[in-house]
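Some structures to go through are shown next.
In the two complexes below, subunit A is the common chain; its partner is subunit B in one and subunit C in the other.
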Partner chain A sequence: MKFDLLSIGKAFLANFGLARIIILAFFIFLCIMAVVFQLDVAELLTSSLVRIGMWGVLVLAMLPAIRSGIGPNFGVSLGILCGLIGALTALEMAFRLRETVQFSGGVLFLLAILISIPFAVITGVFYGWLLNRVKGSEMMIATYVGFSMVSIMKIAWLFLPYTSPEMAWPIGRGVRVQISLAGRGITRLLNNFLSFNIGDVVVPTGLLLFFALMCFLVWLFMRSKTGVAMHAAGDNPRFSEAAGINVNRSRMIGTTLSTVLGAIGILVYAQSYGFVQLYEGPMFMPFVAVAAVLIGGASVKKATITHVVIGTALFLGIQVVAIPVANAFTTEWASMGEISRKIIQNGVILYALTQAGGE
Partner chain B sequence: MGEPYLLQMKNIGKSYYGTQVLQDINLSLKPGEIHAIVGENGAGKSTLMNILFGMEVIHSTGGYEGEIHVNGKKEEIDSPQKAMEMGIGMVHQEFMLLPNFTITENIKLNRENLKPSFLSRVFGEKTKRLDFPTMNADARKALNKLDIDIEEYVMVAGLPVGYMQLTEIAREIDKTNVKVIVFDEPTAVLAESEAERLLEAMKIIAEEGIAILFITHRLDEVIAISDNITVLRDGKLVATKKAEETDASQLAELMVGRKIEKMVHGEERDFKNEIALKTQNLVVHMPGEKVKGVDLEIKKGEFFGIGGLAGQGKVGVANGIMGLYPGTGQVWINGKPLGLNSPSKSMARGLAYVSEDRRGVGLLLDSSVELNIVITSLQNQDKFLKNYGLLRLMDNKGIHQHALKMIKELDIRCTGPTQLVKRLSGGNQQKVCIARALTMQPDILFVSEPTRGIDVGAKRLVLETLVRLNDELGMTIIMTSSELGELRSVCDRIAIVSEGAIAGILRPGDPDADYGLLMGGKRKRRGA
Partner chain C sequence: MLTPNSIPEEKVKLSNKQIIIKFLTNNMVTIMFIVLGLAGFFIAGMNPFLFLFDIVARMSRNSFLVLSLIIPVVAGMGLNFSIVLGAMAGQALLIFVTHWGITGLPGILLCIVLVTPLSMFLGYLTGKLFNKAKGQEMIAGLILAFFAQGIYELIFLQLVGGIIPMENRVLIMGQGIGVRTTVDLTDGLKYGLDWPGLSWGMPNLLRPTLPWTIIVGVIVLLVGYLAYILFFKGKRASMPKLISAAAVGGFLVYWSVNQIQTASMINMVRIPLLTWFVILALCLFIVFFSKTKLGQDMRSVGQDRHVAAVSGIQVDRVRVIAIMMSMVMASWGHIIFLQNMGAFSTYGSHEQIGLYSVAALLIGGATVTKATIGQALLGVFLFHTLFIVSPSAGRQLFGDAQVGEYFRVFVAYGVIGATLAMHAWRKLLQRKGELGV
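Then we have the complex of A and B:
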């Protein structure tokens, strides 16, 4: 064994990736600055944990997509839209049935998930069918499918027959831009479940547990026959054909699973946030999820649960810490936090795309 | 020896990364001579031409040994441009033509005749106009020389391949300084009548005093038109003959002749008359390896070889039967018909396949050794799965144990079943592929190019493994290989595929000349 600092450094660089090192360094720098500016570290940690839990499932939605070979799912907004339909339908049901039953927050949340899943499955199958027809340019097509569906749904939100007064505009038709979940027992339902404090840091146990549960389910799926076939189809389609695997079907399953996770992900996000955001809301959410999984070390061809967890923690952590640090630095730079987030988000996506071709 | 040589290559040698691929090649050309270079795939023909043409691959890997003399003067040919300046032209096997340009434009590309225009007086050379009348006239002249009656203003797209080839030749002879033209397997893509026409054209060119280097493996063509013939084998010059002093069978023997290392089955084995696999009029649309109607009968327990030159379709046979490329025709396994075009159906009938494209089709490079070994069986036979309540998941322990067993049996050198396959050497990767095929417990095993790209020691191990499987388990093995020596050392019978069909079936002990002739495209009556 030779201990040569340079070669160890090189190996580390190759394994860990330059982009990740820069981002990790930036995160550490932000954390140090937070301490230097005497920001409320406990508060920052608390909101970091919440953010991680909020976004976790959405980032996890990238995994089956990448594994099945369609690349990071830039069109996960389709799943998000299905989740939103589930949420609004559940709320509408609660309103229409208010005379007979009162839904608790938990039931409402479950109902929203159950309603959104069939939508997500149908959408996912169609979306997968489409992506099978555009092999090689899935990412670009996915982005534009996402954009167009969000735009089409902007019109739909105006016509769908939701009548509950909390949702509908007071005058005219359609649903509001942002619907509050207050007063239904659903706001922060997961966050508060088994929540406890470590010093001043509040741990959103339920939220993190739910994320962990989802990761576990995906992990289990990846160990099933279908999951293995999907992995092979994504890794080497020609090999898979020769091994008797239906590559197109596997890609469709991956896409569908990603869409379903997107739907569940937005519901987790909404219950933590306390609002359901419609119209523009889902437009740019996929980019955050894509950037997070890529920062975690995934590539457009390879992703693991570890990548999802590390990426979510790192990227969302930066988001939480960057804004107050920038504010503390100077008020004139108030938008620096947001700007740095965008630079990292788009920079990382760009970096990953340039790496896509080479091995 | 009165006439001066136009081109001389003296003691040419070349090695890639320590492997000697060419050694001591001497070649001399006089004006107007047609000189053929024949040899099997990998004999060094292309490397020699790459050296002559100053190709990048040669110079980025350390250049070549020996000297090249043009017109008696030593020259360093270090780029294709230099080669062209020296008057060396090349007609490529794949056409280097722009399909949406006319014949004239293709012939004159980058050497257009120019005439001054208004702009060129101000902006110089680059803005001169193309002189189409002169260009067309030049093109016509070149085409007439070749006796082609097609109009020079026709677009290349849609022309029959024969005309495309002739357009390429017209381009070369239009170059005013051209002294040597290299034809790299020009007749490989042509129909018979087109090929004859091409040979005529070559004679016409030679009469003009241009020397021709003709690379081919069609031996009768060689005899028909060459003045001199050089035979290469394994990177060495075997013989240079005058055409009138030799014949096809002598050339074939020179081309193939090599010691056969070891006959695994000392004597011819007898098989019961059980047919394991039968094909009738099997057609497989595999790009570059088209099979155009193959009839085979392979007996149970036989070690059957499929040989032939690259591009003739030998690789397509196994790919077609395994359903990897679309095919038509009839295939029977143990007397019952097999539906084509579905790998899973073929596997369900007890066939397994080790692909010739190890890294492309054969392996999941980014996955572990154990997953690579079990995945086909897991997907097609539902093995290595275990019930956990409602869920059926991978049986880690079972997979691990099976992988360890295979690693031991086939002597796969790796740090353990969880090592990534891409970190293994070529020979060990090949063994992983074989292990996967064996995990399927097949009745009939197809193996394509099992020793390609692996070192000599590993080659031997792989072949011995196959022989053992055939001997001990009675597995019918059908091995496709470009290396005749290898086929002859292990197989009971060897079918030679030429132009998408079986040219003949030989025994390993048959004379070299027979092999050479079949590979060279001469057909033999069936039933050897």
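Then we have the complex of A and C:
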């Protein structure tokens, strides 16, 4: 075995992938620039931590999908829609029962999760059933199922009977485009839980703990009998079928779990953001989550929790740092943050598609 | 060996009832949209003249784009969502030619000449990418369009005016960098192809009214057919076909003559003749191309890549050429589209091109593996009928035009999702059949 630098470098390149190296280099470059331009590093770190916690669960939703063999879940917007229904229903309940009980923020958050889970399970089962019928084209079909459902829900938001004044437009039909969570004790509920300062950096302990808890639960599930079977089914469907594993059932479980995580993920996102975004809101969220897990080192066939954590930190970190750095560089480059996000996000997905190597 | 497209045709004679059922199931999507369109038309209480105005304009500007999707389908690469890149190229050239101040038909021709190498290059890169992601071309095309949007914004929002010099008070934003969010083509390239005489003070040059177009069209067809039989010794059509064609033609001419004599509003509907010549030329080209060696190779690649490779066809090369052709057509199509619109959103007007073109093609009855010119044109007609009627139908039904607008967007996504799912399911069943599982 040779230990010269060149072969180590080559092995590293093969393992780590060119796209990922470019992105890592870009991130390091941005961080150096942030220091050079004397930006408020503590501020940047704080908002990075918040963004990581906000997106973490949504990115984690990719894991069971990839593991079970359906590939990155481009249709996680289905789960997001279930989460939104949960959130709106919980808020509506709080409004209708306001005479008898006052829900605290924590109860409201739990209630939203509890309401959204049954919706997500039912949706996930149907969605998994569909994806079992379109093996080989899951990614494309998931994308368009997601787009279709988001656009049919745009019509549904106009007709669903939510009456709470914060949600419904005072005149006209339907719920607002963006619903504020202010004044219900739910905004930044997780972020503020046990939060503490290191120097000027605020650590959103509850948010990160919740993400860690979700990762732990998924990790635990992956080690259960069902989880191991699911991994095998995703890894080598034909062999697993011969070994007596019900591949279709495993894929369905993976899809359902992914959908449920998507529902919980959007609730975590919304409580940190302070708003529930409807209509176009969930349309392009799946692509961010897919790109994040791929940046972390996952492929369309393999993913681990480490990939989820690294990917979320790297991708969301870039998004947080890029905008102020671009602005500090020159004010004319105000759109650079958003442009670099588009290029990196979709470039990484494209790279992963070419690495998957055809049929 | 059983490949997806070589399943033996059923030779069993079908009863009339079975034929009808087969026809209905094969054309389910199209029939559904005919019904939807008709229902929407009557619910909305459309003024037929306004509808005619609108549909003629929409068909003239959208048909070319939708036709650009056919060749990749034939080559087995599915629905080419990457035509958005071609649209971007076309739009880029429109911006530059507007900046250079060349107007009217010459400006459009300059755009076409300059955009061709650019879109060929983009098509070459896209084809290479698709060859690396075989079997996932559609999702790759979709993501590629998002990726290219980032590059496009980088160029036109941040580089133009700075690193790429361009001084133009009208086009460039106040601080001197980046193209404004809308570009107005009025007094420039607007109607360059539709009204070629506009800049020479002859607004109605090559823009005959609908009745006159019909009369001349029928006469040209008749003369062409006679010449075909007499001078080229062509095959004669069967008697029932001839009689029905003559009846339809005769009726159309009779109706048109009648309309011209009255002061009907039909005489206000004008046909952009040059645009339709271009569309017709593209149709003829596609028919002609499918008969050439390359076209035949493309068809074999589309049917089975492995069989084609064994029989000596350079599969990857043929696939790249298919995407390049589609990309060039898309860039031309988008120029035709925008010169008719007359103004466009610099960073948005190309984004939905892929979605709406693909949806239109599928509504006409095309699938992931089969698309014809007729399906493309029928699809444009049905899809845009729905587009025209749905807001007012929504207002009539629910008191809210928004519902109709959301509905038509849902239809576009939904029809693509459903068609793709049906296709993938069928492919899976066929593969299972082959393996004998």
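For this structure, a couple of remarks:
Definition applied: the second predicted complex is superposed on the first by the 355 of 359 C-alpha atoms of A that agree within 3 Å, B and C clash if a C-alpha of one lies under 4 Å from a C-alpha of the other, contacts with A are read in each partner's own complex, and residues count from 1 in each chain.
By our rule, a contact is a pair of C-beta atoms (placed from the backbone, for glycine too) under 8 Å apart; a residue touches a chain by one contact, two chains touch by 3 or more.
Since we're looking at a predicted model, the values are computed, not measured.
With subunit A as the common reference, subunit B sits beside subunit C without any clash.
Once the two complexes are laid on top of each other via chain A, the angle at subunit A between subunit B and subunit C, using C-alpha centres, comes to 70°, given in steps of 10. Contact with subunit B, but none with subunit C, is seen for A:220 once the two complexes are overlaid on the shared chain.
In the superposition on chain A, A:287 contacts subunit C only, with no contact to subunit B. Taking subunit A as the reference chain, the count of touched residues is higher for C when subunit B and subunit C are set side by side.
By the touch criterion stated above, A:28 is placed in contact with neither subunit B nor subunit C. When the two complexes are overlaid on their common chain A, residue A:238 makes contact with subunit B while staying clear of subunit C. Residue contacts after overlaying the shared chain place A:228 against subunit B, while subunit C stays out of touching range. Residue contacts after overlaying the shared chain place A:158 against subunit C, while subunit B stays out of touching range. Judged by the touch definition given at the top, the superposed model places A:133 against subunit C, while subunit B stays out of reach. In the superposed model, A:302 makes contact with subunit B only, not with subunit C. Contacts of A:347 after superposition: subunit C is touched, whereas subunit B is not reached. Note on the superposed arrangement: subunit B and subunit C approach each other to a least C-alpha distance of 5 Å. The part of subunit C that touches subunit A in the complex is made up of residues 129, 132-136, 138-140, 142-144, 146-147, 149-151, 153-154, 157-158, 162, 175, 177-178, 398-400, 402-403, 406-407, 409-410, 413-414, 416-417, 420-421, 423-425, 427-428. Of all residues in subunit A, those touching subunit B in their complex are 220, 223-225, 228-229, 231-232, 235-236, 238-239, 241-245, 302. Residue ranges of subunit A in contact with subunit C, taken from their complex: 74, 130, 133-137, 139-141, 143-145, 147-148, 151-152, 154-155, 158, 172-173, 287, 332-333, 335-336, 338-343, 345-347, 349-350, 353-354, 356-359. On subunit B, the positions that touch subunit A within their shared complex are 322, 324, 342-344, 347, 353, 355, 357, 360-367, 371, 375-376, 378-380, 382, 385, 391-394.
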